[in-house]
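You will see two complexes here that share subunit A, one where it goes with subunit B and one where it goes with subunit C.
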Partner chain A sequence: MSVRVRVRNAETGSTVDMELEEENTVQEIIEGAAGYWEKDAGAYVIRKGKKLLRGQQTVLGASITHSDDLELIPDPEGG
Partner chain B sequence: MEAVIGSRCLVIGAGALGNEVVKNLVLSGAKSITIVDMDEVAISNLNRCIFFRTEDAQAGRSKAEVIAHRAKELNEVAKLEATIGRIQDLPSKRFRENDVVFGCLDNVAARLHSNSHSYYHRVPYIDGATMGTSGKVQVVIPPSTPCLQCAMNRTHYKLMEKRFSCTGADVTFFEPKMAAEITTTSVIAAVQVREGLKVLSGKSDECIRNIWYYNGLANRSDVLEVDLDPECAVHTK
Partner chain C sequence: MHKWLIDQERMRPSIAEPAIIPLYISKIAEEKMRNHALSKAHEKLEVMGLMLGQVFNHDGVEYTIVRDVATTDLDASSTRVRFRRDGFEKLFASMDDVGFDHLVTGWYHSHPGHGIFMSPTDVDTQKGMFNSSFHRAVVIDPISKEIGAYRLGSGDVEPVPFVIYWEEYQNPYFGTTVRKRKLAD
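Showing the complex of A and B:
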């Protein structure tokens, strides 16, 4: 069963809707969204509410459901 | 306060964050601090590093040694030790000798190394990271909390591979795509040390669970939880 979610770009505020299957992983969502916005190569994470989702989790495993709002955040690396 | 004075702290990385973290630690009363970095001071470091001077860059002085020397001016009785080299070359037991480890690094590979060795020796690890006007602090308290690796995904590993292929053998020559503004560095380092003081004073339960994200442009900051990854190689038996 597929679910439709909205992903927000934390850097610009723009959003994109994504159609996901239960077996899709969080890192596939990250790469899909980063590719859509043609992001620079770099590390990114996805949050759902107060949770940062782990990359290997599936849509089902991360309890991502229809109409969920996710956010793509660039993960800082500098020091 | 006594716990802080008697503590031993390891600061890994003597860049912008390392400067600020050491300054905050010394001014908070910490008296035994080891600073590890392999690099020398460069002119481009001077606009965001409180302890570096033009003469240090001209003389090619070691970042770790300069911080150790100048931070001592803030507290003469503090014992600051500089170790010149890559964190990957430091004997693992050096992690065990400390009460808290501060990650002030600029690349994924060194962070993963510091994270795993701190976790193995059950030493709390407080990692800071910055980019432009954004940053984050992750607090890792082994064996109860998730570690850095639990929160990483394929984009982190791709970045690590890219750094390696760009430089051939050494990842430490990488320049981040956007240097942090000093205000970001100050905020992140302050939170790192605040969390460290909680750990040292027996208040680990009040530490950030698990990552604090800061966006200085959007006036936002959020604490995000991470689940412990049951398959994470750092803490699976």
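Showing the complex of A and C:
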């Protein structure tokens, strides 16, 4: 069963809708969204509400459901 | 003029006529960033956070307003800083607590004792994440007491002028009314 979610880019406010399968991983969501905005997937995390979604979790395991709003958050490094 | 401004900014000619400044930072955001940097200055540890605000356009000139900042627990040394892997939920709570709709308009971090500049790592971060025209970076040295702001220009980072402003509710006179004194007969 597929679920449709909306991912918001916290840096720009723009959104993208994604059609996911239950076995898709959070990492794949990050890669899909980061790729859409031409960003480096390794420099971002994704959240659902106040919860960090872990890369290896599946859509099912992370309890991502239809119409969920997710947010792509930058994970910067300073030096 | 901010007392921590680097010499380069102090020497910038003052603006003769009203003009749009590329970056406006609220007093509360500036104090949080500066106090965060100062809190780890004695350990010479870098600090970092996200700047939250909005982007506006006036007569075709874009400018960024930083109204607040959000941060969390850090993995930090004197030359490197990142958010702790187990600190993200605290960061998200911090972002949600600001009480207004916001964009992540940039990031801030400190260079304790190293001065104000964008290191190669900082430039990579700016190019990789904060590469929209409105994104800004603030760098603070809490030991030399300097502060500077940057943006991505034509392929590289460049310093930008900024101003600190009071949110209306932060104005020490907010809510008070000046009343005309009643004159004695």
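Keep this in mind: the second predicted complex is superposed on the first by the 75 of 79 C-alpha atoms of A that agree within 3 Å, B and C clash if a C-alpha of one lies under 4 Å from a C-alpha of the other, contacts with A are read in each partner's own complex, and residues count from 1 in each chain.
As a working rule, contacts are C-beta pairs under 8 Å (C-beta built on N, C-alpha and C of every residue); 3 or more make two chains touch, one makes a residue touch a chain.
As the structure is a computational prediction, the values presented were derived from the model and not from experiment.
Undergrad: With the two complexes superposed on chain A, say which partner A:A43 touches: subunit B (first), subunit C (second), both, or neither.
TA: Both partners, subunit B and subunit C.
Undergrad: Regarding the shared-chain residue A:L20, is it in contact with subunit B (first), subunit C (second), both, or neither?
TA: The answer is neither, since A:L20 touches no partner chain.
Undergrad: With the two structures laid over each other on chain A, which partner does A:Q56 touch: subunit B (first), subunit C (second), both, or neither?
TA: first
Undergrad: Regarding the shared-chain residue A:T12, is it in contact with subunit B (first), subunit C (second), both, or neither?
TA: Touch status of A:T12: second partner only.
Undergrad: So, A:D75: does it touch subunit B (first), subunit C (second), both, or neither?
TA: After superposing on A, A:D75 lies in contact with both subunit B and subunit C.
Undergrad: Give one of first, second, both or neither to describe whether A:I30 is in contact with subunit B, with subunit C, with both, or with none.
TA: After superposing on A, A:I30 lies in contact with subunit B but is clear of subunit C.
Undergrad: Under the stated touch criterion, which partner chain does A:I64 make contact with: subunit B (first), subunit C (second), both, or neither?
TA: neither
Undergrad: Report, in rising order, the residues of subunit A that make contact with subunit B in one complex and with subunit C in the other.
TA: 10, 40, 43-45, 47, 50-52, 73-79
Undergrad: Could you list, by residue number, the parts of subunit A that touch subunit C in their complex?
TA: Counting only subunit A, the residues touching subunit C are 10-13, 39-40, 43-45, 47, 49-52, 73-79.
Undergrad: Within their complex, state which residues of subunit A touch subunit B.
TA: 10, 26-27, 30-31, 34, 40-45, 47, 50-52, 54-56, 73-79
Undergrad: Using the touch definition up top, name the residues of subunit C that touch subunit A in the complex.
TA: It comes out as residues 46, 48, 50, 79-83, 88-89, 91-93, 95-96, 103-104, 107, 109-110, 119-122, 124-125, 128-130, 132, 135.
Undergrad: Touching residues of subunit B toward subunit A in the complex: what are they?
TA: The contact residues of subunit B facing subunit A are 13, 15-18, 103-108, 128-131, 134-136, 150-156, 158-159, 162, 176-180, 210-211, 213, 215, 222-227, 229, 231.
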